[in-house]
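Have a look at the structure below, then the notes.
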Amino acid sequence: MARKLSMRQAINEAMHQEMERDESVIVMGEDIMGGLGVDWLEGDAWGGTQGTTKGLGPRFGRDRVIDTPISESAFIGAAIGASTTGMRAIVELMYVDFLGVCFDQIFNQAAKFRYMFGGKAECPVVVRTQIGGGFSAAAQHSQCLYPIFTHIPGLKCVIPSNAYDAKGLLIEAIRDNSPVIFFEHKKLYDAETEVPEESYTLPFGEAGILREGGDVTIVALARMAHMAMEAAETLAAEGIECEVIDPRTTSPMDEDTILESVENTGRLVVVDESYPRCSMGADISSMVAEKAFDSLKAPIRKVAPPHTPVPFSPPLEAAYLPDAARIADAVRAVARHGS
Amino acid sequence: MARKLSMRQAINEAMHQEMERDESVIVMGEDIMGGLGVDWLEGDAWGGTQGTTKGLGPRFGRDRVIDTPISESAFIGAAIGASTTGMRAIVELMYVDFLGVCFDQIFNQAAKFRYMFGGKAECPVVVRTQIGGGFSAAAQHSQCLYPIFTHIPGLKCVIPSNAYDAKGLLIEAIRDNSPVIFFEHKKLYDAETEVPEESYTLPFGEAGILREGGDVTIVALARMAHMAMEAAETLAAEGIECEVIDPRTTSPMDEDTILESVENTGRLVVVDESYPRCSMGADISSMVAEKAFDSLKAPIRKVAPPHTPVPFSPPLEAAYLPDAARIADAVRAVARHGS
Amino acid sequence: MQVSRDKLLEAYRSMKTIREFEERVAKEFATGDLPGFVHLYAGEEASAVGVCSHLVKSDQIISTHRGHGHCIAKGCEVGPMMLELFGRKGGLCGGKGGSMHVADLSQGMMGANAIVGGGPPLACGAAMTAKIKKTGGVAVTFTGDGGSNQGTTLESMNLASVMQLPVIFVFENNGFAESTAANWSVAGGDIVRRAEAFAMPGVQVDGTDFFAVHEAAGEAIDRARKGGGPSLIEVTLTRFYGHHQGDNQSYRTPDEVRNARESRCPLVNFRRRVTEASLLDAAELDAIDREILDQMDVATAAARAAPWPDAAEVLTDVYVTY
Amino acid sequence: MQVSRDKLLEAYRSMKTIREFEERVAKEFATGDLPGFVHLYAGEEASAVGVCSHLVKSDQIISTHRGHGHCIAKGCEVGPMMLELFGRKGGLCGGKGGSMHVADLSQGMMGANAIVGGGPPLACGAAMTAKIKKTGGVAVTFTGDGGSNQGTTLESMNLASVMQLPVIFVFENNGFAESTAANWSVAGGDIVRRAEAFAMPGVQVDGTDFFAVHEAAGEAIDRARKGGGPSLIEVTLTRFYGHHQGDNQSYRTPDEVRNARESRCPLVNFRRRVTEASLLDAAELDAIDREILDQMDVATAAARAAPWPDAAEVLTDVYVTY
């Protein structure tokens, strides 16, 4: 298993393999192949804004790799309708920031069909979407928003932090018969890991332990998992051993792995790039505070951006986003508490 | 102050008084007057689905009481655009469940203008909307969803539990220069309290203490505040004295009142009708677990519905919604812990 | 378009079933024993039946909050529907959906939908499935005049057109969205003019005339099956009840409603037409009427007697895995 | 429509300012010092200027992700705009917005907007304000061909029509939404046909011809000011750069872009037209050109030299109270 792929390539490969394996898998979205309406053009014009869908069109044809007009309600709704009637659609919501023009189809339709219809509907749709800051993309193209989706019963939420996980989790998502939202952090597309060529799945609801350590538990998702690892390196040099846990899916959430770790360390820092109120960080911290109360030796600390939109200017954005230094500070404070 | 009003009437009176006082206040929404396009009709056909806007049209005319087609993005966006250019619009999103067809205008436009534009925009819009279960209105008409709005920086969120608060908070909301979302629990419209005739405001970010008690703190919003009071009565008879706190606004949140109470009681139950993940309950419990860690004598308990959509059938909905009995059970468990 | 005797009998039975179902629901609702909101379809029967009589089980339809008629026209069983409306065990959705979410995917009925404009995107998806799998199937989305102004509906028309999907947009223009008149809310007054904007064929038909709807729908569905893409049908009709049960209808004169029941009743029109043309005779229609009334008695009694769902049901059916 | 000499000079200056601003931004972006995404308006100048030359400060416009041109046409200052694009202190939005959110409400510019279809509802609101306050003001919303398919845009047209709002829907059809051709994504090919659907006047004009845009906009704006309600203008034009900086434009032939710069340039056309008709002379236009180039040098140098905003700024301006 020496081959390395970027997260972009891993995602691309997952879709290739599943489309190959299962005829009912289709891919939809804006410019995912690109160039529709340009007669002389052959092949991909874009292959998605991030190149994640490159090669799918040439391989599987425009019947299954379907470019759309800019009408997210209509085409995400169509992906949902198709997935309720026999297809398995992977549909792109280009940036999660655009949920506001199509959320009804996701949260009132896809998420609720099975329940409202008494278990008689299945909707195996996957919504792939970009999240996160770090590119000066400003307030309407830098949000995380996964807490909003995690809030909704009926949706499964997947937030990979690396290429290996992304491939396994995306294949799992495509095969899952419930609607799955698959969040891709735009700062991680180029990050490489070893990725097996063959198809494989990773189960939902199983956190990854990125690093073992007995002093403080850090829970962090997506790009923040990398920041947490960086902080953990620094802290190790200071004699503080962190256990870094990446939940990988927020719905379902692997509570056990987190709780076991906290039972051992007694100290927890939760890192979350989403807005701080009613957030993923609050969700995890509240869960631990309730279920591992007697193990806690210090108050749980959350590291999160301030309660503001994401600013454009690079130094403002840098001040806004959680980073390794802020995580390390929080860990130090937690480690010191009561000892 | 002997006059009693229902929450419906209090809300209506608040709008009457503010429209009277300030010419720039307008009211918009579907059927808020009703009967538009019917030539022979005079006066209100509906006055809103709940009668909350009754009388405004006849009094202030269709220029300021503006019925709309069913196109929430367009008319809520229009309310926001109008409020950015000199009006103060109160706009109805009939049920909060419909946020999915118009959320972009609320969370990416209204909420972010001021920040994105470097402080040079104000958007004094109020979005009034119905929340909550209890009427067998099923999965698409019974949600709370206020955690989603509370998550978004730039929005203020108001959730009154009674007529008196509703009037004062709505007047405050109309005069506030930031976008405010005003959540009305449909099970509370008929609930009466004493309400002064004159105009008054209640500040945001100040919780109400509905009941004092030294054993356990209960935090509960909207209809759940009533359930909590009911539970507190029962528990008092058993010798458990609860302090019941109604935050009244979730953004801003009055952390101090809650923290002071928990410092005194050492025990907290948070009741929340919203879905349990990334919820208001998680938000409050996580805040307390972090900031009052050393005061806590027992794990915080959350009382919430299960992580499912809202079912239709009355006995299912009853099993779904938190009630006084479940709250009392949680309080008993918390009170017993470690004592 | 010739309609066979059997088809006519079936159409009458279907329309009459809808009517009596709705009349019965109105009565039961008034007792206070029917939970939630109900929106009745009485007066609009020829639209659902005129369209659905061209469909087979694998064709898909999607409806609105006013969904009982479309369910029945597409073949959902009345007994489980009534159980569902009462919220009882054995209901079409196990009591979890209620009137606003009755659905039966095994009949190609993708559900009533309580979000105005929620259906059209989903219907495009069902049509995509048919197109990709080359089944010759079609999808129909029923939308009201109010729903015709929702952006999701409008953009779905563009999507269907550029993708040439086999989907029929049926707009049931009953003159009102709640209390708001369509002649105000729909710019220009007619919904049909939007067909041209999105480059699809469009036609406006009288929804009290089963034959007119049937013919227009036949053409559109046939075209869609043959790869000719989407169509729009605006059906003008009148709802006999208020928006929902409890609506005092102050925006209509009592005469308006009364007259409609007399002059704009699709069932009366149908009966007159088929008997005058000697296509069917009154006696056989009367027999159907009696049968249906019995069926409603049985369905209602069964629903009232049925047990409630188990409380444990709250926790099932949310994900495929639980 | 006669256009005065002064107006012509002003229009040329405005168009040329836009062009040179965009050319400079392209150059600066290539150095890697310009953060974020930029979408350039070069080639489309006659649309923004042809429309905005009818507007006064209190009229409102709202733009898209491709907003620089609309800003300049509506009177925003180039210096603070450049500071904003560089994310520096003193930027039009204090460095918080960037290219996709440049705005200046004091100039009646409600902002670039990074959500496709975000603007039309907001413009309806600005038009409502004008209508309620009886100011005679108008609002203009610029939208692309891609944005014309968004439901929010379509439903806003209906809203504006039924409310008879003084709002102008300007659709800048530059042939592409990212890499997707408008002749595919817009059903029927033309956006203008949607005017009829929503019962408003509509016209399609050549966006390389300032005079054509100016005349069409004049009529629409005049009608709106007089209470005649909304209009649609489809402006056909060509963008000289890719969708955003970094787009390799594989969906266009190099010839296409080169030819456009030659044959579809609104500035070249304008200059030819006004000099041939002896309305303005080449020398005065050349003088303006030089002035503008200097202005760009100054603005860029200032932006590069300017300090960054203070980190404390992250926490301000979110609510009116903090």
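The first chain written gets the first letter, and so on, giving A, B, C and D; residue counts start at 1 in each chain.
What we mean here is this: a residue touches a chain if its C-beta (ideal position, glycine included) is under 8 Å from a C-beta of that chain, and two chains touch if they have at least 3 such contacts.
Just so it is clear, the model here is predicted, and its values are computed rather than measured.
**Student:** Please identify which chain has its centre, taken as the mean of its CA atoms, farthest from the centre of chain A.
**Tutor:** Looking at centroid distances, C is the chain farthest away.
**Student:** Where the centres are mean C-alpha positions, what is the separation of chain B from chain C, in Å?
**Tutor:** Here the centre of chain C sits 35 Å away from the centre of chain B.
**Student:** Just how far, in Å, is the C-alpha centre of chain C from the one of chain A?
**Tutor:** 40
**Student:** With centres defined as the mean C-alpha position, give me the chain A-chain B separation in Å.
**Tutor:** 31
**Student:** Going by the contact rule already set, what residues in chain D reach two or more other chains?
**Tutor:** Touching at least two other chains: 91, 93, 95-97, 101, 113, 115, 149-152, 155, 158-159, 162, 184-186, 318.
**Student:** Of all the residues in chain A, which ones touch at least 2 other chains?
**Tutor:** Those would be 69, 71, 73-74, 97-98, 100-101, 104-105, 108, 115-116, 138-140, 153-154, 306-309, 311-312.
**Student:** Should the pattern of chain-chain touching be classed as line, ring, star, complete or other?
**Tutor:** Complete.
**Student:** What residues on chain C touch chain D, complex-wise?
**Tutor:** Interface residues on chain C, with respect to chain D: 149-155, 157-159, 161-162, 184-189, 193-194, 196-200.
**Student:** In their shared complex, at which residues does chain D touch chain B?
**Tutor:** That would be residues 60, 62, 91-97, 101, 103-106, 110-111, 113, 115, 118, 120-130, 132-133, 139, 151-152, 155-156, 158-159, 162-163, 316-321 of chain D.
**Student:** Taking the complex as given, what residues does chain C use to touch chain B?
**Tutor:** On the chain C side, the touching residues are 35-37, 87-88, 91, 93, 95-98, 100-101, 113-117, 146-147, 149-152, 177-186, 250-253, 308-309, 311, 313-315, 318.
**Student:** Residue numbers of chain B touching chain D in their complex, please.
**Tutor:** Going by the criterion above, the answer is residues 26, 63-64, 66, 68-69, 71, 73-87, 89, 104-105, 108-109, 113-122, 153-154, 156, 176-178.
**Student:** Can you check the complex and tell me which residues of chain A touch chain D?
**Tutor:** 30-31, 34-38, 40-41, 45-46, 49, 67, 69-74, 97-98, 100-101, 135-141, 306-309, 311-316, 319-320
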